[in-house]
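The structures considered in this document are given below.
Two complexes come next, and they have one chain in common, chain A, joined by chain B in the first and chain C in the second.
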Partner chain A sequence: MSKRTLNIESRTERLIAVREFISVAAREFGFTDEEVSKIALAVDEACTNIIKHAYKYDPNYSISVTISTHNGAFEIAIRDTGRDFRPEAIPTPDMKEYLEHYRHGGLGVYLMRSLMDKVEYNIRPGKMNEVRLTKFLPR
Partner chain B sequence: MFAITVRDDGEIVLSGRFDASQIETADAIFERVSDTTRVNFQDLDYISSAGLGILLKTQKRLSASGHFLILMNMKKMVRDVFRIARFDMVFRIEEDQ
Partner chain C sequence: MSDFKIALRERETVNVLELKGYLDAHTAPKLEEAFQNLLKNARFNIVVNCRDLSYISSAGLGVFMAFIEDVRKNKGDIKLTNMTPKVYNVFDLLGFPLLYEILPDEQEAVRKFSERMK
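Let's look at the complex of A and B:
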């Protein structure tokens, strides 16, 4: 099992550094360019949600992104210390209904769930929020 | 790097990476669109839900007056994101113009 971590300030200008960090590791792990792009997008969406909702665009906070790899699994843990997050409060949108009525919000969560094999949350109220995204190497 | 330009004929050209850091830049252009408009994605390498949201918001506003966006020349990665998000249901997407 190997691990590596990137800590960034809570600013959207840092999303490019996160995508680069993820892309290099995912490529090394053996994913195709297409899969690498999808994993990087899912992590971008997770970080964007934190910057927007957990930290309300306050740049004086940080986000930690840790990649762990083991047995064909590429797992990214994204942690913040912002506002408590209730994942159950964000339903996966019905995209047909969403688009017919031009809704907004929830699209990032929809993409994360569509692009990754697993999306899990570990919430410790007042202490830390963690979202874990996992993608398995195709056999 | 992200860039958005408007040609003399009104076509909007996107290039680079369209993520949440570019919302204000892109919004400043798209909020001025009031007619059916072509958006050229030829040099756009990346788009996240932040970019999709601006396009959807613009399409919603235009649809009230019978207008719409025509999205052209997407690279495969960008096209895939539209397909996964099912945005191809509401946008007219043209290839290789």
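Let's look at the complex of A and C:
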């Protein structure tokens, strides 16, 4: 099992560094370019949601992104100390209805769920929010 | 920041936005501003050439969603062209090809607008 962590300030200009950090590690782990892009996008969406919703664009906070790899599993834990939320309250949009009615926003969580094999939350109100994204190497 | 650039061109009655680089939550406001300017000047025939667009996240997709309704109400359209497979996959995953015309080539999109004007 190996672990590596990147800590960033809660600013959207840091998203590019997060994607780079994830892409390098995912490629090293053995994912194809297409899978690497999917994982980097899912992590971007998780960090964007934190900056926007948990920290409300306040740049004075930090986000930690930790990659753990074991037995073909590539897991990214993204942690923040901002506003907590109830993940079960986030609906999975019906995309046909969404598009027909020109809805806005809320696509980040849908993308994370579509792009990754597992999306899990660990919310400790007032202390820490964690989202864990996992992708398995194809056998 | 040089990670996202927009060039604006006019071709006949069509405005072409050429996107280059990474379109994410950091750079999406730039695209939003470009659309706002077009709409303010009553330019509703819009082609977005994505040939040099390397990346898009939901923040970028959200910009297209924010303007499509207004553009169509004004008898215009936003047509997307020249997407790399990587960028197209993200649009496709969310079903966007149902709502947006995505064409292989800018020329074809311009021609479609010209035909509508006849």
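Criterion: the second predicted complex is superposed on the first by the 139 of 139 C-alpha atoms of A that agree within 3 Å, B and C clash if a C-alpha of one lies under 4 Å from a C-alpha of the other, contacts with A are read in each partner's own complex, and residues count from 1 in each chain.
To be clear about the criterion, contacts are C-beta pairs under 8 Å (C-beta built on N, C-alpha and C of every residue); 3 or more make two chains touch, one makes a residue touch a chain.
Values in this document were obtained by computation on a predicted structure and should not be read as measured data.
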Combined model on chain A: chain C and chain B, fit or clash: clash
Under the stated touch criterion, which partner chain does A:E13 make contact with: chain B (first), chain C (second), both, or neither? both
Counting only touches as set out at the top, which of chain B and chain C does A:T134 meet: first, second, both, neither? neither
Is A:T48 in contact with chain B, with chain C, with both, or with neither (first, second, both, neither)? both
First (chain B), second (chain C), both or neither: which does A:S37 touch? both
Taking the superposition on A as described, I'd like to know which of chain B and chain C A:K96 touches: first, second, both or neither. both
Give me the intersection of chain A's contacts with chain B and its contacts with chain C, in residue numbers. 11-13, 15-16, 19, 34, 37, 41, 44-45, 48, 51-52, 95-96, 99-100, 102, 104, 107-108, 110-111, 114-115
Footprint of chain B on chain A - complex, ascending: 11-13, 15-16, 19, 34, 37-38, 41, 44-45, 48, 51-52, 95-96, 99-100, 102, 104, 107-108, 110-111, 114-115
Interface residues, chain C side, partner chain A - complex: 1, 3, 22, 24-26, 55, 57-59, 61-62, 65-66, 68-69, 86, 89-90, 93-96, 98-99
Residue ranges of chain A touching chain C (in the complex, touch as defined): 11-13, 15-16, 19, 34, 37, 41, 44-45, 48, 51-52, 95-96, 98-100, 102-105, 107-108, 110-111, 114-115
Footprint of chain A on chain B - complex, ascending: 17, 19-21, 23, 46, 48-50, 52-53, 56-57, 59-60, 63, 76-77, 80-81, 84-87, 89-90
